[in-house]
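Just below sit the structures, each encoded as structure tokens.
The same chain A turns up in both complexes below, where it pairs with chain B and then with chain C.
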Partner chain A sequence: MARPATEELRRRNRAALLEQLHRHGPQTRAELTEALGLNRSTIGGLAADLSESGHLQETTGRSTGSAGRPSTLVECVAKSVSVAAVELRFDRVRFALTGLGGEVLDRGELPLEASAGADAAAAATASLLDGAEVAEAVAAVPGLVSGGVVGHSSELGWDGTDLGAALAEATGRKWRVTDAATAGAVGEWSRGDAGEARNLMYLHGGRGLTAGIAVEGRARPGSSIQLGHIVVEPGGRECRCGMRGCLEAEMGAFGFTEAIETTTVAADLGDTKAREALRRSGQYLGRALGAVVTAVGPDEILFGGWLRELYLSSAAAVRSALAETTLPQLRSGLRLRTPALGAEGPLIGAAETGFEAIIDEMR
Partner chain B sequence: MARPATEELRRRNRAALLEQLHRHGPQTRAELTEALGLNRSTIGGLAADLSESGHLQETTGRSTGSAGRPSTLVECVAKSVSVAAVELRFDRVRFALTGLGGEVLDRGELPLEASAGADAAAAATASLLDGAEVAEAVAAVPGLVSGGVVGHSSELGWDGTDLGAALAEATGRKWRVTDAATAGAVGEWSRGDAGEARNLMYLHGGRGLTAGIAVEGRARPGSSIQLGHIVVEPGGRECRCGMRGCLEAEMGAFGFTEAIETTTVAADLGDTKAREALRRSGQYLGRALGAVVTAVGPDEILFGGWLRELYLSSAAAVRSALAETTLPQLRSGLRLRTPALGAEGPLIGAAETGFEAIIDEMR
Partner chain C sequence: MLLELTGVSKRFGPVEVLSEVDLSIDAGEVCALVGDNGAGKSTLVKCVAGIHAIDGGSIAVEGEVRDISGPRDAAALGIEIVYQDLALCDNLDIVENLFLGRERRRGIVLDDDSMEQLAAETLDSLAVRTIRNLRQNVASLSGGQRQTVAIAKAVLWNSRLVILDEPTAALGVAQTRQVLELIRRLADQGLAVLYISHNLNDVFAVADRIAALYLGRMAAVLDAADTTQSQVVELITSGRSGSLGLTDTNGART
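Let's look at the complex of A and B:
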């Protein structure tokens, strides 16, 4: 006999069930029983609650076992709850409307003029949202984010810009603002293939270089790391930020942000100057990562944005510089990889950040 | 009327009451009502439970108000729950037996021979513990700690040393092993004056240099930072760890670990060589902190161990190097200070780590 659950416990289990289906897709009641460690009748009750509220439905799905009798699957109703997500880049705003379970219901993109401010970005966002009713709205911005304020973004040229206020003004609702690299980590953990990583670091290469961390899939508060402003060459090149020898300044000298592909193609064709530029850049990147790995101790690093190309072209230089700047104990379990979701991590992660908030709210 | 609390809720409130009294000392029921946001009858019931279990007692305490009528104070019974804590240093094992509420019931210290291994440290610990019955036992070790294993400790010369197993063998009970810097952060947050810091970083200067973080007073898992192995001079001096240009190697050249006081005294007396050594060291420390601050974003840094002396003698150099290696947005809210508990932070923090586990267990 099931012990009669208190309403609090039942609420928590309901959230766990929804999270399970949102993250892992349609499942049979037997699979849910197994995954959640609850008994069948409890699962039945919870599923009934969530069906009544319109979040779940049961369908006759795939056949299981040798008898081939199709089993009933429990699945999310995508349109029952949706999240708006935007990702800001220096030249565009990308938008996705995502339903419960992760289905993308709508997507869009609008150009952003060079040196656009928060108001222009918010206006583009409002236009992409087009009045859609959503439970949560999340904006991913490459930069240092705290509350709704972007403290610094090399990509957008923003310093102390209140994007949260501009979005609220333009759309008439509250937005969460997260940094794109942290969103990338959340996205790759939830929907990519990095779900095994406990302390996942995502590097985001755009016009600036940032890094973000998800600890067991959750954005670590204050995890927005200005990777591009790790000093890799004390007293080196002057950076836009006013400091000297920042990773961004040293790498920027190679013009990669604009032309990583040209350089890697040239290197592949045997251009020694291009090869040397990639090697030096990989070395600087590895050196910056050495400091970050020492401070943060990730178990997996994903090279996102154009850092993907750089990593693929200079992995040996990155690894060798990392070995020169990180204790072996911190490197031994560390995996370096490219992201499974390609360039989509930050946008998908922004949507997942919204769903996480929704499910947490249910608990 | 109070809504009848479920047993789960009651348990959680009981833990909250005990935590409040453990951290803040004796309080009246009225103060507890205010602090916990529970009503008087609930507080009364919880206090009765905890008095019955021997954790709390009510005493006639200080007089309040103009009438001067002494009010009844609720306080912890120190001996009802105790925690054993040890701090390992290169030359000694320090021990404290701490009761609920933070009262130190017993303390001791035993020398440790140079290059002592885990077995010697564990034997000294067993001897200091002297068979005392404790609810939790925690060892603080300056180094990289994961589970019971010390991955690296410059202070002790350990690499991959299973201290947890040695302690279990020597004392017949389970020990938590934490790094001393993280314990320092927890100690200063709980019992020092850093309780306002959300993201508190404690620097521990011994034979090695480590750093640890407490987020809202709690050890951040995996927060053990090998500050001494941040590379501050690419291609610089060879370090014991095999890398080049590590902070420890560059600073070690000045021999501070052994003789910080001699150097600061000499500098005070006008010795220009000593002054220059302190300035250069402060600069290297600031540079290493720049990378760590960029990666971790603390709002307060405490200079513990001999780094306290170094910081007091070279604060300008530390701050100026930090300014050259950290974005202004990350520096603006950052406080640099010396620890309120002097050298006691790590040992006190180890004890607090034990009480945190005990109170969490009650929830």
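Let's look at the complex of A and C:
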């Protein structure tokens, strides 16, 4: 009777060990013992198991500079399991083949024509993948995603586009489709600087504005927030989506993707028009965030994409608007930061989503 | 509290530059010090740095009242200051600048290897990616890179409090962003940061708390999350904003 339980326990521990090494890099057995709270000999057994299956290897590791035998390090074998990740943007498809442990084995990028459909994006993805053997494949799309279907994407101009089916047809395998902002949150939590955040929100600034949430580093199902379509000025400018006064329309998000550099430089040189544009955009962003913070209550917000530039250049307006539109209890513990991984967050996060699924399957 | 100023006063002859200033800074937070020209920001920093002796009040580091009578005392307490003019030597390379005056030795020669390694580790821990070669002369660096080196120099010595006097004043937009992110990272790694700036966007981007000086007196110390830009502007220009700030801003004291 005890056997199945032991077997299950062993399986769980094996997954935990792999997850630990995947996230935190090479470690000695002593460090692993401490991190996982398992017995030293248990770790040894598990490591031997996983070495046999080719996932791990032990190396004569770091020298501490002191006398004595250097302790051996346990590390992931990057090539044993790999995940393909693509990130779609309005003008290109970015691709990364990531190995266990987070090492990027291959990278690629292909241009995407304006108003390209799912088939064109899938074809580009297939040629970037180039028939590589992968355990999981994940696509990050800026927009509202449900299953494999992209419900709405301002950036790509898609509405109800079945990307999952197109990718499956072009590559002959199943793809997970996630939204870029959620992927960004997962990426920053696992590989960036935000690993301590419990409820992490990532804002993705591209040609549209979206936000995603990772709770304890995991994508929250249905967490894709259409930040750009929060109405900040009722009856205001007409948005592409048909509503009036959306954040995206009021900020002129389409222009901003390219114009943020010139606008911030002009504002720095004293251009009053540029300053006013930044201040207004910051204020609108702060108001929209106020609504999102009130609804979701994140403990950290990262300003990704071009919103990084906007935030650092108009933080006073953003924070003032946020302070005026949220409860003190919700904003007192709230950290506002810029992403440590820069533009790489969504792509890295997409790969991490794949690894999470692989490790979950082992449990 | 890492640093606690209580009733600090400073006079230059008949002029009272600081008048009973209270301020405390904890580890892991950025406290921004704002104020108009002549409000006493730089004087306050120089008092903490040990350049000016204080005439009244006390400075406590980790709860213990200390007598800081020179820059060396400040450095020994883990207080490092990055001045506006950076004080780097153009004709020395990055590693030499970082260790200037505090070089590591191995016997009678300098231990270049370990200094270079420590310099690389420090810049790495600050996620500095803009500097490739540690052996290039500081003269060849951009303004933002120089600021980065100056900040790294302050962090290298196990400092606990880093004071930055207008670090972005002379920088372009892109470099300002990098320095702001660097300042935030210092605090997130557990250092206390006192940050002086005129630019309210920069202040709001990094600060946890905002301290406003008005004519040598502390008008208010506010949580950045509870503050709006217009409140800070009012505190800087008139010393009060609504119920916040000084109640007797004409200078007369009751």
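What we mean here is this: the second predicted complex is superposed on the first by the 352 of 363 C-alpha atoms of A that agree within 3 Å, B and C clash if a C-alpha of one lies under 4 Å from a C-alpha of the other, contacts with A are read in each partner's own complex, and residues count from 1 in each chain.
By our rule, a residue touches a chain if its C-beta (ideal position, glycine included) is under 8 Å from a C-beta of that chain, and two chains touch if they have at least 3 such contacts.
Note that this is a predicted model, so its numbers are computed, not measured.
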Contacts of A:334 with chain B and chain C, given as first, second, both or neither: second
First (chain B), second (chain C), both or neither touched by A:312: second
Partner chain(s) touched by A:193 [first = chain B, second = chain C, both, neither]: second
Which superposed partner A:324 touches (first chain B, second chain C, both, neither): both
Partner chain(s) touched by A:265 [first = chain B, second = chain C, both, neither]: second
Partner touching more residues of chain A, whether chain B or chain C: B
Doubly contacted residues of chain A, that is, touched by chain B and again by chain C: 324, 328
Residue ranges of chain B touching chain A (in the complex, touch as defined): 6, 8-9, 144, 151-152, 159-160, 199, 215, 221-222, 224-227, 229-234, 241-244, 287, 290-292, 294-297, 324-330
Residues of chain A defined as touching chain C within the complex: 193, 261, 264-265, 268, 308-309, 311-320, 322-324, 328, 331-332, 334, 337-338, 340
Footprint of chain A on chain C - complex, ascending: 127, 172-173, 176-177, 180-181, 184-185, 188, 200-205, 223-230, 232
